[in-house]
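Across the two complexes that follow, chain A remains constant while its partner is chain B and subsequently chain C.
Right, the complex of A and B next:
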């Protein structure tokens, strides 16, 4: 049933954005400089705003009275379907920026393709979000150049982050069953087809930044099926604490 | 990394087309490109601007307090240089 598929799909995209946004907010009060803290918080807010749009859309599709807050704060670990790369702990600054670069380099072509969706709300979210992600990519790409081609320490930390994250990137290009059906019907982009464009961005940036792509062939997956790393539960415990303790609490 | 090690930049924002760029503040960044991005993130998030200039603070040459006597005082007794003797039409509200 397509509306069920659309619900599952919107939730997955919302979870991706929310979990990454939550990880980015962890830098608030911890960032290396005040300027960078504001910039990271802005990126976080863009992702959280995106999550709200996708949750809101999902909520309208099922019309069972669940609000975006219920969807964000009322589901358990196994019900979250975000890709694993988004939930990994923020690590050091290099790790955060490498993760962001990998995700941004994916999001720009993905959201560009989402604008072509025949589902008007998804297309509208894509059109709004792609402008944000274009800026995010400019920033995270700049940081790859600064860190990779910076000091010996920044280079080695960045290369280590790349090596640790590399095996989480194949999942970016793996569609789940509902997504395949939506792609078939012209409602969703074919994410597998975006890999070469992503790889071109990564290769060109790493060459300039004196960084290298790992050759290791390991990869992990499971997020779309609700099978997560041990880190997501801790993230949710912190993020959902208030709504779990005081259900329905508002500002 | 500390901000002390990073140069200071002055930020100027044009809020609307047709208006001048105005000084809005300053920030630390490693270079001009990063300063422009930080200026965007720090000063334009709520739609304040359509154009940003960043200038390295060290490139600004400022007049000194010790020069003020020779710079400004001689103008005090030359009121004929001001357009204050003209009556402005009501239509001109900003001059």
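Right, the complex of A and C next:
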């Protein structure tokens, strides 16, 4: 059992969920309507809960006394391995919803495939989380239709968000070395194989929403290697403040 | 005749197999902190409880991954058992099988309705205030992770809907 690989993998999936969850919480008290505020906070909560399950699993694998909190609040920027798309600043509401739609459209097939993992905890997390992501996708897809096929203003902002985010989506489908080995052994899904399903969801939604997929070929990557945008450090400074100032503090 | 869904039948069987029914009866008094109309058992959070040597082990499962009430539920379980003379309590969180609203019994659904929350359904959603089926969704999400927000077209009251999962 390649437990080092499983640890690295669980941390990567936890970081993805935590960082996106933290970005979503930034809308609390800033959302356009009360209902959207509740929705964004609830989606954030699902992601943070998912992060806790993955960190908890990682913590059990190494058994070096590090808790979920240590893993979330005690690591520096270069040690975080989340995909870059999750850490980008929340932008306007259109940007937040386009990002959410891209991630949800990936998470549904990814978590569905994770249920097949021969590692029972990963499979259980997949089974639990896919139900939530399916619900998230229903909502983020609905927002694509409403914003894309809405007013001229909502359309142009949504299209601009798509153009800005597009180059961050290829990284969703790039496995790192440990993940490749786990996939080979039947412990992790082959994320590269999920691209066509993701693209079909995106194409069908954008066609209905009168939005277009960019043709630009640029793309950025680096999150899995700990090479981040300048934005992650700021996010961590805020998120980790309490545990950094009062180490080990408990509720 | 409507058969009990397999997932619910399995939970009932676990409870029937229990060697000590008094522990289950004790925990029936522990209510969901956010929906006090339901016990943890009725909500589907409580999965199992049994003696293990001098210790009482309680198995719970979260409704939603990030449900913030889970910690409060664990505390409430500990308190109830301690007061009843079982100070040595181990609470285990189990993820599989994932929580589903299929575990809500008919009586649990009725309790929700009487409390003012429309129970999960594949059918039309009825207003728990006036019974009208002329209802519309306001938001996919409500005051807690497990609910969405609806409004009645007849009496005009907004109400919570317990989302099927």
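The rule is simple: the second predicted complex is superposed on the first by the 250 of 251 C-alpha atoms of A that agree within 3 Å, B and C clash if a C-alpha of one lies under 4 Å from a C-alpha of the other, contacts with A are read in each partner's own complex, and residues count from 1 in each chain.
Note that contacts are C-beta pairs under 8 Å (C-beta built on N, C-alpha and C of every residue); 3 or more make two chains touch, one makes a residue touch a chain.
Remember, predicted model here, so these are calculated numbers, not experimental data.
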{"item": "Overlay on chain A: chain C relative to chain B, clash or fit", "value": "clash"}
{"item": "Touched partner set for A:32, first chain B, second chain C, both or neither", "value": "first"}
{"item": "Touching partner for A:217 - first (chain B), second (chain C), both, neither", "value": "neither"}
{"item": "Contacts of A:138 with chain B and chain C, given as first, second, both or neither", "value": "both"}
{"item": "Partner chain(s) touched by A:123 [first = chain B, second = chain C, both, neither]", "value": "second"}
{"item": "Chain B versus chain C as contact partner of A:42, first or second or both or neither", "value": "both"}
{"item": "Of chain C and chain B, partner touching more chain A residues", "value": "C"}
{"item": "Partner chain in contact with A:146 - chain B first, chain C second, else both or neither", "value": "first"}
{"item": "Where chain A meets both chain C and chain B, residue numbers", "value": "35-36, 38-39, 42, 135, 138-139"}
{"item": "Residues on chain B engaged by chain A in the complex (per definition of touch)", "value": "1-3, 6, 27-30, 33-34, 37-38, 40-42, 45"}
{"item": "In the complex with chain A, residue positions of chain C that touch it", "value": "62, 64-68, 95-99, 138-143, 145, 149, 163, 165"}
{"item": "Chain C partner contacts - residues on chain A that touch it in the complex", "value": "21, 35-36, 38-39, 41-50, 52-53, 120-121, 123-125, 127-129, 131-132, 135, 138-139"}
{"item": "Chain A residues touching chain B - in the complex, by the definition given at the top", "value": "32-36, 38-39, 42, 135, 138-139, 142, 146"}
